[in-house]
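Presented below are the structures under discussion, each in the form of structure tokens.
Both of the next two complexes hold subunit A, though its partner changes from subunit B to subunit C.
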Partner chain A sequence: MSAVESYATKLVRNRMGLWLFVISDAFVFVGLFIARMVLLGDTRPHLDQGLGLGVTIMLLISSFFMNRAEVEMAHGNRPAFLRNIFITMALGVIFLVGVVGVEWQIAHFGPADGQQGAVFYAMTGFHAFHVLTGVIFLFIVWNNGRRGHYSAEKHWAVEACAIYWHFVDVVWMFFYVGLYLLGTPIV
Partner chain B sequence: MADNTESRRAALNRGVWVALMLAVLTFGEFLVGVIAPPWGTLLLVVAAFKAFFVITEYMHIGRLFSSDEEH
Partner chain C sequence: MRFFSTSMFRGLIAQVAGTVLGMGLAMALRVVFGLPLSSPIEAEDAHIREVIVVVGVLVGAIAFLVGSGVFTDWFKWARGEETSDDHTPDPSKPNWMRYFSVDFDHKVIGVQYGVTSLLLLLFGGIFAMLFRIELSGSGITFLNSEIFKVLLGYDGPHLYNTLMSLHGIVMIAGILLGVGAMSNYLVPMLIGANDMAFPRLNAFAFWINVPGAAILLSSLFFGGFDTGWVGYPPLSLRAPLGMQMFLIGVYLVGLSSIAGSINVIVTTLTMRAKGMSLFRMPIFCWAALATALLQFSATQLIGLSFQLVMLERLMGMSFFDSLQGGDPVLYQHLFWFYSHPAVYVFILPGLGVISELLPVFGRKPLYGYRWVALSSFGIAVVSFFVWAHHMFVSGMSPFLRIPFMYSTLLVAVPTGVKFFSWAATIWQGKTIFKTPMLFALGAVVIFLLGGVTGPPLATIATDLHLHDTWFVVGHFHDTMFGGFIFPFVAAIFYWFPKMSGRMYNEKQGKIQFWLMFIGFMLMSNLQLILGLLGMRRRVVDFDAALGFDTMQLALTIGGFMVFFGMLLFAYNIIRSWTKGEVAEGNVWDSRSPEWQKPNPMPLHNYEQPFEVVGEPYDYGLPNSRYVNMNPAGGSPSAH
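What follows is the complex of A and B.
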């Protein structure tokens, strides 16, 4: 066996490691979703539906641009990669502002106001923390890309960033349904 | 070079179709959630369907099981 692992061998190991992390992290979100189902049942927090749909669309569009960024890097198109990853980052920030900066402020209840407050702020807070982490991750990859890192052949960091970002999007697909759409609003 | 351009275009187009499908399903979820709240199970099924497409098409979970070590 070679003393220095080939890039391809490391890549296989890195992918496995990242997916194991994603799956273990997903269990925490599943736990939060189960808590929502047990505590709120057929009711849901009274929230702004337009804002909920808006931030959800922002996150979906960000995933689209993240995918484009990864495809462009895989084909050696650095300017397009940088442009797309920057748009992804900007949309992530807009999502954060929408949830933490607006929804948290206009909600008719606080974190200590019963079960709906506990469920809503725990779910959105934990998810927002992941979005913030993702935005930082995106910024690091964008900055490295700007300085000439990565190539069509070697861009594991871009792929890892994309997997993490899409994971955050997948989590929100369920949280959006659980918080904004399932059941009848608590008046 | 032509192959590279072709595969890039195909990958980008695939991304567009997935995004369009996700947008339509999300809008459908919104309508069901607002108009018919009791249809909760349907909403969760649609969310799972959307997640499946993101995991397979955007997160490329298939690469985890492929023998070719691309990228």
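What follows is the complex of A and C.
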């Protein structure tokens, strides 16, 4: 048997490995959500609803473009792939700026101010770190795609990036509910 | 000196440089943001120092990984460069260098894990011996010696607490690495694969342990910490800087555990030899798979709980401090959600080794293969629902105790399956008492002791009495020695010819076994008895009027016997690695595929894939075959 294995064999393993990682990572977010339920119960941090809804919409839309990027690559349409992945990346950056750059600055509390501070900054911080790594991943894929890597048959990196990005998006759906919608605001 | 060009050396240099750089960076950032670099108030000054040191240590850990070269291929991928999948080592370099360098061969990584594991077990043992000397009589004497004050800056009770805490966590790190050693070395070989599914991830998973272990051990020099290995807040929020080293070190070891387990799962599920259905795998692979399922999911929660403690210490985010409205019991839930499954992570591979060895040395089929295979999964599944049995006295809702008591007692069922299988397997066998078999049998006996001392702790009424006594200590050491230490030693002896191509010294092995077995029995039974008599655990001193002095002295002697047994073990394997008798062929008359190959195992395990044609453990049945090593030629059905 040769030491070099076929792309298809590797793809099966890569997919399984990535999904295992996603499940594993999900445990962190479940743990954070449980911490939120224990510490805040039926109250929630006092936050800017408009901003929260805005960044959530940005992230949701970015997942749509991520999906388009992957499909275009699977069809071998490189320009459309690059365009879509760039939009995804831009929306991801807007989300980060919205959460870390604006929401963190205008919040009425700091990380050291009681349970709402602890929970809010921990949940958004852990999630923002994942968005940041996702944006870096997107940039790498975009940059390599620009230089002619990936084909309709072989684009595992694009697929992996899409799975990861959707995962980060799904996590935010729960966190948005947990931080902005559940319970009554702490005044 | 060629050592200077190894990943180990380059990584450690990079770590030191990275730590200094990171501390400088933290200070520079503080200056930029107008924050003070020191404070006249003692507590604030310590806090500023802590922030700077933590940033430095984290940067240092990353610098180690970059410097050692585990990231090199991934950086190339990110830049869009191709890397070679041919991992044949450079013939111009001596073989020993592979063990100190980033290498993608699972056998090398397995040995790297194993040696690091034994080193950590040695450190953990030294810590234990130090506080055992103190505990061998009433009154604080030994730990008040001048030398400790000079070396570490603290002594007496705080030193005891630090040593006791470090003993626990360093042993746990060592055990996790030992589990990694067994999974990495054995799984691909047993299922007929030539390497793990993700060789680079595998190398990463090993190398991250090195800075992790270094940081963990360094806590001794950062003021220590006095929380025990559990790190409960609020105590862990007020402990010295050493606490942070503990949190970061364990976090890195946990990352290794997650990365390694994903690799084991994918390897087992996708890379088995032709004809090897799941129920024809060697039984160890079932244990490794169940272990990996626990590791890749539950470990995240200890990571999370430790990060939250770090954040609380660094930024004052009040998760767990009840003075600020936090909830210390929340920490215990998050912590035990990992740390209970973790003890099954420690023991399942060991129990797999026992099931693997008994048929070989008993020359009989493994009794109830399917039941044993599924019992590992049974233990893994049940273990997710038992964590709060550690918290019967924590102040959590009393009604939660009842379901956790029942789920905990349920663990006895799958574990019992294993015991009955072992008993039936050795029943009326023609047992060959070689050293690996002695250790496997010793493990069964010791683990049984751990098993029967479990229910009194799982039952609420008795646990309220026994909680936080030496009875818990005795029970836990029984499970760890029966479930990990003895099987691990057995596995190293058993597969030693595969690793080195030579035999260990049988006589020394047998002396080691009796030294450790008798010493351990003395130690653990006295722990149990002292606990029943009311000896509290984690205390540096006890009242002479309790009359425990003689028993404590005997306990220390037992502990030292175990310690010297392990030293003899180290001597045996180090010497035999180069000077042992050459081991030719199938040393143990095993049916397993790896023993059909020469010793040591060839570079790429199976140049020619084999085919599984029968059941793995049909020892003693005439004309039964497990593997056909040469499926292309010879067999008439080949086409």
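The rule is short, and it goes like this: the second predicted complex is superposed on the first by the 184 of 187 C-alpha atoms of A that agree within 3 Å, B and C clash if a C-alpha of one lies under 4 Å from a C-alpha of the other, contacts with A are read in each partner's own complex, and residues count from 1 in each chain.
Here, contacts are C-beta pairs under 8 Å (C-beta built on N, C-alpha and C of every residue); 3 or more make two chains touch, one makes a residue touch a chain.
The structure displayed is predicted, hence computed values, not measured ones.
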| item | value |
| --- | --- |
| First (subunit B), second (subunit C), both or neither touched by A:Met16 | both |
| First (subunit B), second (subunit C), both or neither touched by A:Asp169 | first |
| Partner chain in contact with A:Leu53 - subunit B first, subunit C second, else both or neither | first |
| Which of subunit B and subunit C A:Ala35 touches, first, second, both or neither | second |
| First (subunit B), second (subunit C), both or neither touched by A:Phe27 | second |
| First (subunit B), second (subunit C), both or neither touched by A:Gln115 | second |
| Residues of subunit A contacting subunit B in one complex and subunit C in the other | 9, 12, 16 |
| Contact footprint of subunit A on subunit B as seen in their complex | 4, 7-8, 11-12, 15-16, 18-19, 22-23, 26-27, 29-30, 32-34, 37, 40, 43-44, 46-47, 50-51, 54-55, 57-61, 63-64, 69, 71 |
| Footprint of subunit B on subunit A - complex, ascending | 8-9, 11-12, 15-16, 19, 42, 49, 53, 56-57, 60-61, 63-64, 66-68, 71-72, 74-77, 153-156, 159, 162-163, 166-167, 169-170, 173-174, 176-177, 180-184 |
| Residues on subunit C engaged by subunit A in the complex (per definition of touch) | 77-80, 85-88, 194, 197-198, 201, 258, 262-263, 265-266, 269-271, 296-301, 303-305, 308, 311-312, 315-319, 324-327, 330, 333-334, 337, 604, 606-609 |
| Interfacial residue positions of subunit A with respect to subunit C in the complex | 1, 3-5, 9, 12-13, 16-17, 20-21, 23-25, 27-28, 31-32, 34-35, 38-39, 111-112, 114-115, 117-119, 121-122, 140, 143-144, 147, 149, 157 |
